[in-house]
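As written, the chains take the letters A, B, C, D, E and F, and residue 1 is the first residue of each chain.
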Amino acid sequence: MASKTVLDELKRTQILELLEQGKRIDGRAFDEVRELVIEANAIPKANGSARVRLGDTEVICGVKIQPDRPFPDTGDRGLFICTAELLPLSHPTVETGPPQPHVIELARVVDRGIRESHMIDVSELVIKKDKSVIGVFADNVVVDYDGNLFDACSYAATVALLTSKTPTWNWVDEKPALVEGDLTPLPVSTIPVSVTMAKIGNHIVVDPNGDEWASMSARVTITTDSDGNICALQKGGSDGFTLDEMVQCGETSIRVGKQIREKLKAAQEGVQ
Amino acid sequence: MASKTVLDELKRTQILELLEQGKRIDGRAFDEVRELVIEANAIPKANGSARVRLGDTEVICGVKIQPDRPFPDTGDRGLFICTAELLPLSHPTVETGPPQPHVIELARVVDRGIRESHMIDVSELVIKKDKSVIGVFADNVVVDYDGNLFDACSYAATVALLTSKTPTWNWVDEKPALVEGDLTPLPVSTIPVSVTMAKIGNHIVVDPNGDEWASMSARVTITTDSDGNICALQKGGSDGFTLDEMVQCGETSIRVGKQIREKLKAAQEGVQ
Amino acid sequence: MASKTVLDELKRTQILELLEQGKRIDGRAFDEVRELVIEANAIPKANGSARVRLGDTEVICGVKIQPDRPFPDTGDRGLFICTAELLPLSHPTVETGPPQPHVIELARVVDRGIRESHMIDVSELVIKKDKSVIGVFADNVVVDYDGNLFDACSYAATVALLTSKTPTWNWVDEKPALVEGDLTPLPVSTIPVSVTMAKIGNHIVVDPNGDEWASMSARVTITTDSDGNICALQKGGSDGFTLDEMVQCGETSIRVGKQIREKLKAAQEGVQ
Amino acid sequence: MGGRDATMVLLDENGIRCDGRKIDEPRRIMIRAGGLKNADGSAYIEFGDNKILVGVFGPRDVHPKHMSNTDTGILRVRYHMEPFSVGERKNPAPSRREIEISKVIKEALEPAVMLEKFPRTAVDVFIEVLQADGGTRCAALSAASVALADAGIPMRDMVAAIASGKVADTIILDVNNEEDQAGQADMPVGYMPNLKKITLLQLDGVLTSEEYKKCVTVGVEGCKLVYEIQKQALNDKYFGKKGD
Amino acid sequence: MGGRDATMVLLDENGIRCDGRKIDEPRRIMIRAGGLKNADGSAYIEFGDNKILVGVFGPRDVHPKHMSNTDTGILRVRYHMEPFSVGERKNPAPSRREIEISKVIKEALEPAVMLEKFPRTAVDVFIEVLQADGGTRCAALSAASVALADAGIPMRDMVAAIASGKVADTIILDVNNEEDQAGQADMPVGYMPNLKKITLLQLDGVLTSEEYKKCVTVGVEGCKLVYEIQKQALNDKYFGKKGD
Amino acid sequence: MGGRDATMVLLDENGIRCDGRKIDEPRRIMIRAGGLKNADGSAYIEFGDNKILVGVFGPRDVHPKHMSNTDTGILRVRYHMEPFSVGERKNPAPSRREIEISKVIKEALEPAVMLEKFPRTAVDVFIEVLQADGGTRCAALSAASVALADAGIPMRDMVAAIASGKVADTIILDVNNEEDQAGQADMPVGYMPNLKKITLLQLDGVLTSEEYKKCVTVGVEGCKLVYEIQKQALNDKYFGKKGD
């Protein structure tokens, strides 16, 4: 996805020319998100899961909830870890092997967006203080690539968490003991929504598809919470934004985030 | 051992022509195993050991027996782990570094053959339930390569296990404490024997040597136990077997396995 | 630092010709060490630290002191571990990635020189026998390279250790508990000094600089303690020494070591 | 498997198994050809509770060049389980088990693919286990055959796969997860029905000589059932009414 | 940061912060251009208690060749913390955090460097954090700009960087370690004052829309202060009285 | 070794060591030249309870090419311990100790091998420690010399090796495992008797200046004993009565 060929250059020129005319290559408005299809509970044996299709980008997230050891200094809190992986079948250029920097950044940005929103109240995920806590692992895998993985992974993880069922463990004989059948939702306090914007020429577009992703000079991903506050942000790419552009992107993320949040809620309600 | 040169092709043609005449390149019958030389106790400081020469393939197996932590769900059983490694001095093409898939398969097939026969009764290898068990590690190293590592490693590991002396540990002060001098044999219930057969053209030969290994289109390794039952099987190679061939291979493995088992027993008795 | 170019060859010829005339390329006597500048406490937030400049070779060592688990068989002793790393900014040829053999040797020789002198009395570094001990980690990083890293790292680590302040931990509730404010020096019994000598042609020079390092055929690093005893030695390089040369190197290391030891002491006293 | 649990009733007096099936009855099998946009070919299989996605790329250039073969194309297979696909979260790094299964599936597919038609190139098969329930390697192999066909790779035949096994001293078809854990033997079989060749065969567990023969035979028969579903999947995509 | 500690008094009634600074006051900043003998360019920064060394090599050849670009030079950045730079000894292997920060700093520097002037080559920036005290990425980025200039790499502008943030419901400049741990938001900002472009921006923590706007603005203003110190450092080395 | 155990009687009143040897007496040494079929040269040594196998390949091509040297051949050495060779099972991954010893042995052998006769190629020496009992590096180095000679690699001399050391305030020859653990010093020595050059020398433990001198001298004399056994091994294979 990083190689630039003559064809890429031609596509880039075409995209730029259209943007000058106020048009996007797939006909969307500048602040319009692609069709978002969400299938909650796609992996029934996981504790929570979702399959998300954002345009032609497709991501599956599975949540595993299990007892774990707390970190030495935070024995009064559970663990929340969100990962992301590009499966090699998602695009011909994806390579297997240790994760490359852009995949590490993807995982960390998706994780931080959810973490910084305080979506999951980890203080409730304690089995026995300092000894055993509940770990919540939300693992995203990308199965088809067409740009903007940040948002697709974020939506998949959020819906998977919203629909997760947590088992109950008691502390028996110095070990966590599963209480059969006792399932509760995760302690959720807000719904974070990530919105990614790309700068192409002097234009800023929301939810860039694969061709736009390859043509952009810079990007920014902004996560907002249910109160319309901004809780995480990551600028990327080899160019900069003006102060005004950055302020505007913040406003766009709040407005678009609100629309997306309704769709995530609908997906959650669909499985209840 | 994977590269195919013109010389390999000529050798392959020669091998095939001989097989058409009912002959093998080294004069053996189709179901005849190469000379098998076994030196038990080759590494006296190990708990058990054997050096096995199968034709010009040579393998040394050393067994280490030591206290270990049980797996979380199997606190009432000891550990048995069998590995295999191709040392770089065994052949000019062997590379150092992380094990390649064919070496991983080798180790896992040898391990499964012994494990699935239930040769070692791991339920007797417990020092303190859920806390400490006895781990039995049978590590094979290949020092000279001339084909059919599956069987050479399997025989080396089996003899090393048959001749192993297990120390005794008591559970004292929440730790395993070695009882000096108290050595017993491992709890052995059966003697597994692996027999590998190669398909070259439409012929199936037992115990392929290095040239035959390079010429074969498919192979199958079948392990039988002392009762003459089949307890593990692995097909490999880039061709298939007919159903009849597979049934016949099963019968051959039982017949040839019986002969080999006598030799393994003799090696065991030789050191007692 | 290993590549040999035409320029290297010319430099080597020049160095050899000068040595034949009894001169070194930078004007030093054969047994003369380069200017040694030591800044103790360069990293104030570490438990101990030093920045050492030996000619144009520069090394920073930081010491971290923290509770750790003892090794199973040595529950009555603390841990002492000394490492060394060549930072990529220290020379254009340094590569990132897993440490290469010459860096592993560097770290192990520096570690052994200090360890074998018994500088640190690890028997005093026990919080709770068999449960918790004090670990002392002296990590060297090379920030500028001009030959003889063995000695530069050894001096940096020694001064960092001499000036380290150790916190106190009590054993409370099966855990080590920090006693605020209670800082003591490490239990130090001797001051080891490493002296490295290079053989170029038939000449042996002390403290080889980068050009001399690239020109030498063999080297030896000898560490002496405060009593003038020899406590560690490592020969390196692709040539040998005569018995007489080795004996002479031992004597040189004692004589030169004595001078250096005074400078290390002065650096220690400078921060008290 | 050293120590199989025998407390579960795996087969009742009426010959009904723990999940309600008869001894020769496979679990529900659904195969879809295609589905992925970027892959050259793909397939999705649901086999009982197994859910597996396969994508195929190629024939394409091989990097580094010296890994290619001037006489023939090469097949590369990666079998990979998602962290959430099994009971306890799986470490994302490839396990030795996954590496072995990748090799076994590769060698099971090779006889079916006309690699000699694509010298110097590679065909990559990426198998992703989304949800595992016993028998993943057979389900994966069956789906991989369909994905290769979907990619237009010339093939001699398709490989169909299913496991036979032994529970309660009875030879059965299609071992599920409970039967694998508590049963007596598990025998994954891969078979090319047209060429009449077994290209995958493994066995864990103890069988008499007679049981062995029966087990292979039952497995081969089961493969023929799977084969029909594979063909139907391709039919549905390329000639079927429901457009995909 | 899920669970920030709020027991510490981060801002008193007189608007004075836990380390005695005013809300818009940066910590002590000292930058030195040059200093390393072998590097083509270098810089050393003390930013509060942060101590960071940066060395630059290049433009130089790229190995392996296929990593190079025939149209433009490439920038490679490694951000690395010494084992002794933080409270508890850091494992020497590069962490995922270090890999991400390396990428973020690289992309923050790229708009400033005229890489198109050096096709097929690479410029390497090696950042070594000797002592960390909150805000290492901003301090590192500021020092890296100076080191690149010191190496004579043609640049459009320098990137200056500093973090703004929120403590006790107040937007502040230059978040220190305690404020990062116990505060409400941390926003590292990298900015090119001449080109008026934000090239690094991150945010952890919750801000209203208005606070967000103010926070970016405060950060950009802070960058202009850092910029003067960067220019002075180069001035001191190349035109100053004190020879280096 | 910080904390050597001194409870064991390492030297009795009659100058007899814990294993019955005199102070200048080496353990039993047996060397066999050859033995491996695939290696170009090989040797097997039993040195006390050490059992070590060495195989040599080359001169042969180097991959990747840029690792080769147009002016000279290169020597590559891998020292490796089997998992079962030591008291507690050793992790199969190469340890830092093994990497250092590989380098030390390589540099000890280089002066003996006429690498300049084989530009662009490599000679590989693979050392496998089957059973360890103190002094493996010396035994390995002695065996490697024989294996190189067996491979027909042109050599200036062979390197013989043995450790001297100090126990109970006495300089001794050939330190065994107990003496290494409980003694005062261990000095592995590698020596070319014809060229009169020490090519391996290490020391752990405290020696006065005089003791140091004596220790090196004793080690060098010990190497001459080993040298005779090395020559005999080659003699036995190439000119001896017993065919191998």
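The rule is short, and it goes like this: a contact is a pair of C-beta atoms (placed from the backbone, for glycine too) under 8 Å apart; a residue touches a chain by one contact, two chains touch by 3 or more.
Every value quoted in this text rests on a predicted model; they were computed, and no experiment measured them.
Any chains in contact with both chain D and chain E?
A
Steps needed, at minimum, to get from chain E to chain F via touching chains?
The least step count works out to 2.
Could you tell me which pair, C-F or B-F, is linked by more C-beta pairs in contact?
Comparing B-F with C-F, the pair joined by more C-beta contacts is C-F.
Taking the mean of the CA coordinates per chain, how far is chain B from chain D in Å?
Going by mean C-alpha positions, chain B sits 27 Å from chain D.
Distance from the CA centroid of chain C to that of chain E, rounded to the nearest Å?
Between these chains, centre-to-centre, one finds 32 Å.
Quick one: chain A and chain C, Cα centre-to-centre, how many Å?
Result: the chain centres lie 48 Å from each other.
Which label fits the chain touch graph of this model best, line, ring, star, complete or other?
Shape of the chain contacts: a ring, since each chain touches exactly two and the loop closes.
In what order do you meet the chains if you trace the ring from chain A in the direction of chain D?
A, D, B, F, C, E
If you look only at chain D, which of its residues touch chain B in the complex?
Contacts found on chain D: 1-3, 71, 96-97, 99-100, 102-104, 107, 110-111, 187, 191-192, 195-209, 212-213, 216-217, 220.
Which of the residues in chain D end up touching chain A in this complex?
36-39, 42, 49, 51, 53-55, 57, 60, 78, 80, 82-85, 87-89, 92, 124, 126, 128, 130-131, 133
Quick one: in the complex, what on chain A touches chain E?
Against chain E, the touching part of chain A is residues 74, 77, 80, 101-102, 104-105, 107-108, 112, 115-118, 120, 122-123, 220, 225, 228-243, 246-247, 250-251, 254.
Using the touch rule from the top, collect the residues of chain C that touch chain E in their complex.
That would be residues 42-46, 49, 56, 60, 62-64, 66, 83, 85, 87-92, 96, 137, 139, 141, 143-146 of chain C.
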